[in-house]
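Chain nomenclature is as follows: A, B, C and D, assigned in order of appearance, with residue numbering initiated at 1 for each chain independently.
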Amino acid sequence: MIDIRQKLEEIGAFEPHADDGLLVCRCEEVTKGEIRKAVHEGIFTIEEMRRYLRNGMGLCQGQTCGRLVKSIMAAELKETPDYVEPASARAPMRPIEMEILGKDQGGAYE
Amino acid sequence: MGRIENHPILGASPEGKMVTFYYNGEPMEGMEGEPIMAALKVNGVMVHRYTAKTHEPRGVFCAIGRCTDCVMVVDGKPNIRTCITPLKAGMKVETQYGVSAKEA
Amino acid sequence: MDIRRYDMIVIGAGPAGLSAAIEAAKHGVKPIVFDENARPGGQLFKQIHKFFGSKEHKAKIRGFKIGEELLAEAEKFGVEVVLNATVVGLYPDKEVTVKIGDEIQHFKGDSILVATGASENMVNFKGWTLPGVIGAGAAQTMMNLHHILPGKKVLMLGSGNVGLVVSFQLMQAGCEVVALCDAAPRIGGYGVHAAKVARCGVPFYLSHTIIEAEGDEYVTGVTIGEVGPDWKIIPGTKKHFDVDTICLAVGLSPMSQLLDQAGCRMKDTRGGFVPECDAEGQTSVPGIYAAGDVSGIEEASSAMIEGRISGITIAEYLGFAENEEKESRINELEVQLDTLRQGMFAPANRGKKIEKTEEGIAISENLLVKGFVSDEEIGRFPGVTKQRKIHPVMECTQNIPCNPCQDACKRGCISIGSNITSLPVVDKEHECIGCGLCVASCSGQAIFLVEEDVEPGYGEVTMPYEFMPLPVVGEKGIACGRDGRAVCDCEVTKVRTSPAFDHTNLLTIKVPNDMLMKARFYRAKKEAAYD
Amino acid sequence: MNKTADVIIIGGGIVGCATAYYLAKSGTKQVIVLEASKSIGHGGSCRNGGGVRQSGRDVRELPYAMYGIQHLWPTLSEELGVDVEYTQKGNLRLGKTQAHLEKLQKLADNAKAVGLGVEMVDAKEVQEICPYLSKDIIGASWCPTDGHANPLTTTLGYYKRSLEMGVSYYTDAKVAMLKKVRGKVHQVILTDGTVFEGEHIVLCAGYESRAIARTVGVDLPMTKLIDEMFVTEMQPHMFDIMLGTASADFYGHQAHHGSFVFGSECGYEEVTDMEDPSKLYTNAMTLSASCRAVMDYVPCLKGAKVVRSWCGWLDNAFDGVPFIGDCKDAEGLTVACGFTGHGFGTAPAVGLMLSQIVHGEKTVVDISALAPNRFKPNK
């Protein structure tokens, strides 16, 4: 069980850093500062963070930034990186055209 | 950046058929079947697109189709990963702004 | 629904996947292997250096040749490899959906092996999204698959084996590597890999990281700085380089998403998100296996053995092999795998600072920080002896599982013994004939032939040389030391190439006798200068 | 850790978070929200298609669906300090056959009877409203006051704002049972044994509500059904309307940043047999079937690439409308569940009404038809 309010008090208030403008998610252009700030707004899981800021929701689905986000969030939560669970993996593993996905019945889809 | 003509381990580079394609309307030469990215790089093109939110330039990053940073508008279709899409004669390759070929 | 059925579905035609399919096919299993790339072999086709290990591990063979051998073997045993086949999803009933051509096909396997390998980790710094900042894997892909130069002037970030190997490959392709930096205080990869980069004149900046990639539209320069114990930049330590390319080699993470999707129990480790699996690669879902980097990052050599182990295990699981058969084969393979997991770079030693070799010799501090063993340190290693007559000088100073030099010398001058990680020792009882096979056999390019007094006051050094253009006999150039700095003028006296050397040319230069233990690299006059 | 509160809300989905927000806004000091998973909005709240719609609804739901659209949605982004991307550009429900049109006409007539503006449009008008649709569409129902919003930021917006206002949240806090004290539902006991106590308990935990309510003898007759969605890569801006079809082939819209979000079924949902329902596996057939369904109506999207698919559980009430209100058979317990796959758009109004119920006030519209104990045998 995680007491969100207590945890927020433990980690203290958000403090701006010089590198807050640094891009973390290249696809959706989410910065380090946005991620750090969101943690102080109660966003503690990658699942929530993706939904809140769209990091990892773009074309590459977090394959590039997943680890970076995890470590930024863990540091902000004053925890080790394994505290922050990775996002669940979902099909399709690569971006695929609807037209191609639609053809799965052995014959061409008309 | 150029092609590697002769490599100490891999030897002479395979010879391919040179074809013409169009980069933002200008004709360019590339080797048929090589990734579009390779032909662009040989021709000195570094910027493949500008991002939607902050309009930053982007180019090749992972080169294996994973990071999707190298996407361009190819034959009118946006978001084509140029690092894994083979070059064909006559292809129209355009700088992508956000998700379209026109500057917003 | 039209679902095609197979005994065994392998995802990924890299070293682990192909090895597993081959091993299983040998026992009558009919595997199908999917790979999203246009070429099979995974990363092997980007590996142009010679592999380490022993004969069973295909040591001293270049990665892409091993790839070719694996493909031939796969074909021989009837393994079906489908390329440009992207696995879209892996579902609980051991069902996979695969994009083949412009459609999706459904497959179900009685067993599934996930061998999807790894993807590169990234670091972010100011300007890291600029065109010209690329992954080290991207550089390899451009050079070794597509035969194009990633850039002209490159800075490499990362001193692990990938960073070191790719730095060398960049120079082989014709790029200039202006510096190699790493935030860690010590070089992470093999000392021999570092040494071959350092002797080409690449400066190493350990405890340094990138502050900024510069440029408006693309990279035009980079600034690095020294990091203190608090991981912050120490004021006044900034260094600028004009570069057009910044290469990132900061580690790999298992590409395990498919296993997660299929409901395999996963664990979050320092080395990435990996499936929980036993020694044979069986995950928590019966019939779903994992092998190679996807279950934990190691070298390709280990991935191939892991693949074989999973292959025979699957053959037994499907009833194609008897239990005793499986046990004996696995015992054999585990010995091979254990061998590779020995030495200073063994998985068990990750993150540890090792002060002494197994022989009790102090490790070269200089090697760990600057990339080369200093002239003062080199004499204490058993492969380095001082003799007048021609003899091998083996600058092998770390315990890694590798022994092709011992096999290469037919005269018995080189001895490693039964412990594969031991440092090679020069056996002075046996006479060296200067054949150079040991020089070419050393995957770390750490063996040189040295002979004093070939003419009064002058001796000869023979070195491995894998660059273009190949110098010609009689050419006058500059001999460089282990640190890449010019030590003296020299003349090329012999250039040997042979199929047996496999593209490692042997270059012999004539230098003054007192430079024989210093000169370790050759540069043509025009590109070198004393400083 | 304070384990007593005026109100304990079970379920950190959009209904729970919205209820907490309206309670805090109306002055309730101590509100605790318990979420079973590690993430707020882990269930249907963040897995739905984002429809904020009145058309097509049961008449019992329409009054509060309309109330939300008139009074709550328009100012929600401002109120929460998070862009909920509310877009009120209308909903087209498409038909390709005469049978479709008849069905749509019936729905439109029902809506008109309770004062909702829904009209039938012909093929030409459909193309005028949205020129990207298939020419095979012969007509549609059109409700210009319908729209969509971003379920992710709406849910997390309610969470964030209520957290700022003093609500306490506990995640990874799975409820095992409720317990009565002196005849009144008063304790909430977690699977790890932790006991929370509240003057009022609000149960809004989706399908899981059924098992929790059962521990105090309340039955909420509903089943659960898996539903899948997918999202495409960012596309150039095309249209702002919400789409649905007469035969429920698919539903969806283009989100603000350009992706298309669509939901659809392949027919296998009713018989889905998932060993561990918490894993939320998608089905190997559904994504392809969904793509075909969408392309049948929006053919120009055939080249759009899908980047992700996911699924979630619907909590389907026996008669298709939710259970909202006090449990007459268990004093102290208020429930809100059984939203049957269309709860998102009404969640602000439901949250507001739950806060009113807790305060013993009259709700903004009458919802007595949604009483939790309304099931009657049919013979």
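Note that in this section contacts are C-beta pairs under 8 Å (C-beta built on N, C-alpha and C of every residue); 3 or more make two chains touch, one makes a residue touch a chain.
Note that the structure is a prediction, hence the values are computed from the model and not measured.
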item: Of A-B and C-D, whichever chain pair has more C-beta contact pairs; value: A-B
item: Centroid-based (C-alpha) most distant chain relative to subunit B; value: D
item: CA centroid of subunit B to CA centroid of subunit C, Å; value: 29
item: Computed distance of Cα centres, subunit D from subunit C, in Å; value: 53
item: Centre-to-centre distance between subunit D and subunit B (centres being mean Cα positions), rounded to whole Å; value: 44
item: Touching two or more other chains - residue numbers and ranges from subunit D; value: 233-234, 257, 282, 285, 287-288, 303, 305
item: Per-residue multi-chain contacts in subunit C, two or more chains; value: 1, 36, 89, 97, 104, 106, 119, 129, 261
item: Subunit B residues counted as touching two or more neighbouring chains; value: 52, 56, 58, 61-62, 65-66, 69, 79
item: Footprint of subunit D on subunit C - complex, ascending; value: 1, 89, 91-93, 95, 97, 104, 106, 261, 263
item: Footprint of subunit B on subunit C - complex, ascending; value: 36-37, 48, 62, 119-120, 129-135, 137-139, 141-144, 146-152, 172-174, 216-218, 244, 466-468, 470, 503, 505
item: Complex contact set, residues of subunit A against subunit D; value: 1-6, 8, 28, 41-45, 47-48, 51-52, 54, 57-59, 61, 85, 88, 90-92, 95-99, 101-105, 109
item: Interfacial residue positions of subunit C with respect to subunit A in the complex; value: 1-2, 36, 86-89, 97, 99, 102-106, 119, 121-126, 128-129, 253, 256-258, 260-261, 268-269, 272-273
item: Interface residues, subunit B side, partner subunit A - complex; value: 51-54, 56, 58, 61-62, 65-69, 71, 79
